[in-house]
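Each structure below is given as C-alpha cells.
There are two complexes below, and they share chain A, which is joined by chain B in the first and by chain C in the second.
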Partner chain A sequence: MEASSEKLSNITRLSKISIRTFVSQVPLLGWLLGALIAVALEHFVGTPFARALGLPKALSLFGFLIILKKPFLIPSAVAYVLLIYILPIGIVARSSASIMNKLAGKLLDFPMLFSVIIHLGLLYAVVHWWSDMSLYRNDVARFMLIAVMVTLSLNIINGYMGEFSCSHPGFLALGAYSASVFTVLLFVDDRIFGLAWLPKAIGPLFFPIALIIGGLVAAVGALAVAIPSFRTRGDYLAIISLAFMFIVKSLIENLEAVGGPRGLSSQPNWASLPVVFMCAVLAVWIINNFVRSTFGKALNAVRDNEMAADAMTVNTRRTKMTAFMFGAFWAGVAGGLYAHVVRYVNPGDFDIKKLAEVLAMVYFGGLNSVYGAIVGACGISLLGEALRPLALYKWVIIPLLLILVMIYRPTGLIAFKEFDVKKLIQPKKVSP
Partner chain B sequence: MKKGFVSVVIFSCITMFVAFYACGPSGPETIKIGVNAPLTGDIPKVGEGTKFAAEMWLEDINAAGGIQVGDKKYKVELVIEDNESKAESAVKANTKLITEDEVLAIIGPQSSKQAVPAGGKANELETPMISPWSTNPNTTKDRPFVFRGCFLDPFQGPVVANFVKDEFGFTKAAVLYDVASDYPKGLAENFKDAWEKIGTMAAYESFTTKDTDFSSQLTKIRDSGAEFIFTPQYYNEVALIVQQAHQLGWDKPIVGSDSWGSAETVKLCGKDCYGLFFSTHYAAAGATGATKEFIDRYKAKHGYVPDDVGALTWDAMRIVQTAIQNVGELSGDIKKDRKAVRDALAKIKKFEGITGNMDFTEEGDPVKCAVIVRISDTGEFEFYKSVCP
Partner chain C sequence: MSLLQIDKMTHYFGGLRAVHNYELDIKPGQVWGLIGPNGAGKTTIFNLITGIYQPTEGKIILAGSELNGRSPHEIASMGIGRTFQNMLLWRHMTVLEHVKMARYSKLSYGLFGAFFGTPRRQKEEAESEEKAYQLLSIMGVDQFVDQIVLNLPYGAQRRVEMARALAMEPKILFLDEPTAGMNPEELVQMMKIIRNVHNDFGLAIFLIEHRMKVVMELCERIQTLVFGEVIAEGTPEEIQNNPKVIDAYLGKETVE
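The block that comes next holds the complex of A and B.
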C-alpha cells in the first residue's frame, strides 16, 4: 500500500517535471504558432465538428457559457476544447519547438524590433481569427484590450507609485467625452451638434487625434488630483481622488452641451479590433518603457520612502505629477476607445461600480507589474463574461476569488515582475 | 514510439475533421427569443419583473404547443441574459444573443442607459428589438429595427399638464426633479414646455440623485405660490418628497408620472400618498379583461401585483409573437427571417395589449393612450381616466 502510494507520488512528480520541461523548451514563437493553428482549425472545421459532438455551434469562451446553462453537454464541451485547442496547441508547440528555437535565435540577429513585430503579427493573427468566428468574441476581445489599457494606466499610480487613487473613472469619462465630442462634432450629423463639419470618409484618419485629445484632456484633469498629492498621501489622497471622480460625473451631468444625463450617442464605428489592438500594444510598450526608465524607478522610490527619495535628489513633485498625468493620459485614450466601441456614453457609466471593476483588475493581477495588469484585466473580464449565465451568483464567485487571491498572494497574482520583451521572445534553452 | 503515437493522433484527428466537415447545417425547429434584462445591478426588481413576465408568456406558448407560423408549429426557447444594468454589458449581451444564440428577436433592455447602446447593436446586426420601458427618444431614432413598448416623454408631459388644467383649473405649477437622472429630467422639461402654454411656472427646482433632504426646495416651492407640484421621480424619492412636503405644511395636490407605478410607492409612502394622481401605462386596481387576468396570474404566482415593467414586457412579448405569426412562413435563414419579423412588426395595426391598444409610428414608437391613476384610500392604484393622443 505504502509502496504504491509512493509510486503514485513519484509518477505525479515525474509528470510535473516533464510538463515543466515540456513548457520550458517551447519558445513564445512556438506557442503562437500552435495557437494560430488551433484557431485556424476552429475557423475551418469548428462549426461542423461542434455539431457532430451535439453542440449547437462552435463554442465561444471555451465552453463556459454552454456548460453552465446545459450541464449535460459537459463531455462534448470538454472534448471540443481538448481537440480544437489544447491538443493542437500542445502538439504543434512541442513538435516545432526545435525549429522555432532556431528561428527565434535567427530573428534575434536582426534588430529586436523586427522580431517583436513578427511576434505581434502572429498574436494579432490569432486574435483576429479567433474573433472572426462571431461578433460576440470580437466584442469580448475589444473590451478586454481596453480593460488592459485601463488596468495598466491605473497600475502606474496605484502600483508603481503606491498611491491609492480612485479617480480613474473620472479620467475615463473625460477621455470618452472629449474624444466623442471631437468625432461627433466633426464627422456625424447629430441632434446635439447639428450637421457634420467634415466628410465622414476622412474621419478614420482623425481618429488617433480624437484619442490623443481625449488623453490630453484627462491628463490636464489629473492635475486636480496630482497637485493635492504633493501634501497629502494615503487615505486622504484616496478621498480627494474619489471626490474628483464625483466632480467629473456631476460636471458632465450638468453640461447640457454634451447631453447631460441623457448621454451622448451616435459615435462613429471606428474602434475596430485592429485599432484597439494597436492602441493596446502601444500602451503596453510605452508604459513598460516608462516604468523601466529612471522615471519609473523614481516612482518606486517615492512609494517606498518619499523623504529618502527627496534626499536622494528625486524631484518628488515632478515625479508625482508625471505619474498622475501619464496614467490619466492612457486612461483617457482607453476612455475614447470605450466610447467608440459602445457608441454611447452616459455619465452614469463612470461611477463607483466602474471604479470597483478597475481596482479589482489591478489588485487581482498584481501591483507594480505589467504582466500583472494584463493578467488581471484579461482574467476578470473573461471570468465576468464566462460566468454570465450564473447571474447573481457571479457576484458571489468573483469577489470570493478576489478574497482568496488576497489571502494567498496579497499583492496579486503576478506582482513585482519586470516585463522584459527580450527575455520573452528569445529562444528557450533545450536541456540535453 | 512516442513519435508514432503523435502521428496516429494527428492522423485520426484529421480524418475526424474531414468526416465532420461533410455534415451540413440543419434547419431550425425552434424559435429563440432573447431577453436582455437587468437581473443584477441597480434595478434588480425591474429585471425580476421582466423575467417573470417573459416566463409567464413562455408557459402560455408551451401550453399551446408553440407558435403557429403558416402551417407549421415552432417550439419556443427563451434566452434570458443579464446586463448587470451596465451599458457595456448590455451591448455584449445583445451581441451574444444575436451572434451566439441566434435569436429571432430581442426584448429589452429596460432602462434607456442600456437600451440606447444595445439598440445600436441590434440595428447594426439587423435584429428586431423591442425595449418595453425605455423612454429616451434616441433608443429608436433612425433605427428601423428597434421598437419600444411605451409612450414617450414628449407625450406624457402634456398629458399630465392638460389633466391638471382640466381637472383642477390651476394656473401656477411647481416642478421638483432629479437633474442628474435621464428620465426625470427629460420629463420635467417636457412638462414645463407644455405647461408654459397654458399657465405659469411658479418654481422649477432640482436635486441630485440619492439626495434625501428636500426641505429647502420644498420651502421655496411652498413660498412661490404654486398650486401643485409635479415630481416625476422614482418610488423611493416619491415617498420622501411627499412626506417632507406634508411636514412643511403643504396640503395642495402632488402629481406624478409613470415612475410612481411601483408597488413600493405606497408601501414606503403610506397614507401620505393617498388621493394623489399620476399618469402611467395601466391601472392595476379595477382592471378588466385580459389585464385583470394577467395581474391575477402574476399575483398568484409571485405574490405581488406586477409593476408597469411586467405589463409592458408582457405586451412586448405578445407583439413579437403576433409579428412572427404574421410573417406567414419562416425560411430557416435567420437573417431573412429577422427582416421579415421586423417588417411584420412595423405593419402591426391596432394591437390590443394589456396596457392599451397601440400602433407603431415610422420611428418604431407606439401610439397609445396614457392612464391617469388615483391612489385610493386603501392604497390601490385606481383607474381615473384615460388620455389618448
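The block that comes next holds the complex of A and C.
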C-alpha cells in the first residue's frame, strides 16, 4: 500500500518535472504557433465537431458557460477543450520547439522591432481568428484588451507610485464622454448635437484624435487629484480621489448637454478589434518604456521613501504629477475606446462598481508589474464572463478568489516583475 | 572662498527654539564634524541645510548661491549629497536602481525619451549604469547589484547608501551618523571608506557622529552642539580638552 502511494507520488513528481522542462523549452513563438493552429482547427472543424460531441454549437468561452448552464454536457465540453485547444497547442508547441528556438534566434539577428512585429502579428491572428467565430467572442476580446489598458494605467498610480487612488472611473468617464462628444458632434446626425459637421467617411482618420482628446481631458482632470497629492497621501488622498470620482459622475448626470442621466448614444463603430488591439499594444509599449526608465523608477522611489527621493535630486512634485496625468491619460483613451465599443455611455457605467472591478484587476494581477496588469485584467474579465450564468453568485466567487490571492500572495499574482520584451521573445535554452 | 557658509541661522519648532544663531564655514575639501548629546539639534541642522525645513532666520550659501527657499531636490542637485541616520533606502528597489536613481537630475532625455525609448535615452541610461557600477565597486558592493537592497547585510546597506549619495556628484557630502549600529570591524571599514571618498573625490564632508574615535580621527574641525547652540568649535585636540564639552557629555561633577 505504502509502496504504491510512494510510486504514485513519484509519478506525479516526475510528471511535474517533465511538464516544467517542457514548458521551459518552448519559446513564445512556439506557443503562438500552437495557438494559431488550435484556433484554425476550431475555425474549420469546430462546429461539426461540437455537434458530433452532442454540443449545440462550438463552445463560446472554453466551455465555462455550457458547464454551468447544462452540467450533463460536462464530458463533451471537456473533450472539446482537450481536443481543440489543449492537445493541438501542446503537440505543435512540443514538436516545433527546436525549429522555433532556431527561428527565434535568427529573428534576433535583425533589429528587435522586426521580431516583435512578427510576434504581435501572430498574436493578433490568434485573437482575430478566435473572435471571428461569434460576435460575443469579439466583444469579450475587445473588453479584455480595454481592461488591460485600464489596469495598466491604474497600476501606474496604485502600484508603481503606491497611492491608493479611487478616481479611475472618473478618468474613464471623462475620456469616454470627451471622445464621444468629439465623434458624435463632428460625424453623426444626432438628436442632441444635430447634424454632422463633416462627412462620416473621413471619420475613422479622426478617431485617434478623438481618443487623444479623451486622454488629454482625463489628464487635465487628474490635476484635481495630483495637486492635493503634494501635501497628503495614504487614506486622505484615497478619500480625495473617491470624491473626485463622485464629482465627475454627478457633473455628467447634471449636464443636459451630453444627455444627463440618460446617457449619450450613437457613437460610430470605429473601435473594431484591430483598432483596440493596436491601442492596447501601444499602451503596453509606452507604459512599459516609461516604468523602466529612471523617470519611471522615480515613482517607486517616491512610494518607498519620499524624503530620500527628494534628497537624491528626484523632483517629487513633477513625479507625482506625471504619474497621475499619465495614468489618467491612458484611462481616458481606454474610456474613449469603451464608449465606441458599447456605442452608448451613461454616468451609471462609471460608479463604484467599476472602481471595484478595476481595483480587483490591479490587486489580483499584481502591483508594480506589467505582466501582473495583463494577467489580472484578462483573468478577471474572462472569469467575469465565464461565471455569468451564476448571476449574483459571480459576485461571491470573484471576491472570494481575490481574498485567497491576498492571503497567499499579498501583492498579487505576479508583482514586482519587470516586463522585458527581449527576454520574452528570445529562444529558450534547451537543457541537455 | 568658502564652500558652505551659514550665517546666524535660527529655527523654531512652534515655540521651541531648536537651533540658535548657528554659524558654519566649510572650505572645499575640508572634513567637519558635528557632535552633541541626543536632542541637541544636529539632524535638524542637516535638515535645515538640505531644505527639508526652512530656517526661521539666517542665510545658507553654497558655493556663492543662496539655498533659502529652495526645495530639497533643487538643493540636492546643486551639490549636497547626504545619507540618513536610519538609512532611508527604497525597500522594493535593487542596489543598481538605487544608485541610478541619484543620477535623476543629470538625465536630460525627458519624458518624451522615457515614453518612446529614444536612442538618447539608451545612451544616457547606459552611461549612468556604468557610473553606478563604478561607484558600487569602489564601495565594494558590486556583487549585490541586482539584489533588493533590504536583503543585504547591514554594513553593505550603509555602503549602498553612500554610493547613492556619491552618484549625484555632490560638492559636499553630509553623513548623518555613518557608523550607527556597526560593530568594531565594520566601523574600521567605514572609516576607511570615508577617508578614501574624501581623498579620491576631493569632497568636503560634514558628518554627525556619536563615537569620539571616529570624529577625532577623521575631522579637521569639530563643532559641539548643545540645545541648539554651538558651545565649542575647534580642532579635535581643542574639543577634547574643552571643559564645556566634557561637561555637556559627561555631566558636571559636584563635589561636596
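To be clear about the criterion, the second predicted complex is superposed on the first by the 432 of 432 C-alpha atoms of A that agree within 3 Å, B and C clash if a C-alpha of one lies under 4 Å from a C-alpha of the other, contacts with A are read in each partner's own complex, and residues count from 1 in each chain.
Methods note: contacts are C-beta pairs under 8 Å (C-beta built on N, C-alpha and C of every residue); 3 or more make two chains touch, one makes a residue touch a chain.
Treat the numbers as computed from the prediction; the structure is a model and nothing was measured.
Undergrad: With both complexes superposed on chain A, which partner does A:49 reach: first (chain B), second (chain C), both or neither?
TA: first
Undergrad: Check the residue A:183 against both partner chains and state whether it touches chain B (first), chain C (second), both, or neither.
TA: neither
Undergrad: Between chain B (first) and chain C (second), which, if any, makes contact with A:101: first, second, both or neither?
TA: After superposing on A, A:101 lies clear of both chain B and chain C.
Undergrad: After lining up the shared chain so the two structures overlap, which partner does A:298 touch, if you call chain B first and chain C second: first, second, both or neither?
TA: In the superposition, A:298 touches chain C alone.
Undergrad: Does the superposition put A:139 against chain B (first), chain C (second), both, or neither?
TA: First partner only, chain B.
Undergrad: Which partner does A:158 contact after superposing on A: first (chain B), second (chain C), both, neither?
TA: Once the two structures are laid over each other on A, A:158 reaches no partner at all.
Undergrad: Decide which partner touches more residues of chain A, taking chain B and chain C as the two options.
TA: Touching more of chain A: B.
Undergrad: Can you pull the chain A residues that chain B and chain C both touch?
TA: On chain A, the chain B and chain C contacts do not overlap at all.
Undergrad: Name, in rising order, each residue of chain B that touches chain A in their complex.
TA: My answer: residues 6, 9-10, 13, 16-17, 19-23, 25-26, 39-41, 81-82, 86-88, 91-93, 95-96, 98-100, 102, 112-113, 116-117, 120, 124-125, 136, 138, 141, 179-182, 185-186, 208.
Undergrad: Which of the residues in chain A end up touching chain C in this complex?
TA: Chain A residues touching chain C: 286, 289-290, 293-298, 300-301, 303-305, 307-317, 322, 368, 416.
Undergrad: Can you check the complex and tell me which residues of chain A touch chain B?
TA: Contacts found on chain A: 41, 44-45, 47-49, 51-52, 57, 60, 65, 83, 87-88, 91, 95, 134-136, 138-140, 143, 191, 250, 253-254, 260-263, 265-266, 269, 338, 341-349, 353, 385, 388, 391-392, 394-395.
Undergrad: Please output the residues of chain C touching chain A within their complex, sorted ascending.
TA: 50, 52, 71-73, 76-77, 82, 84, 88-93, 97, 100-105, 107, 109, 111, 113-117, 121, 125, 128, 164-165, 168
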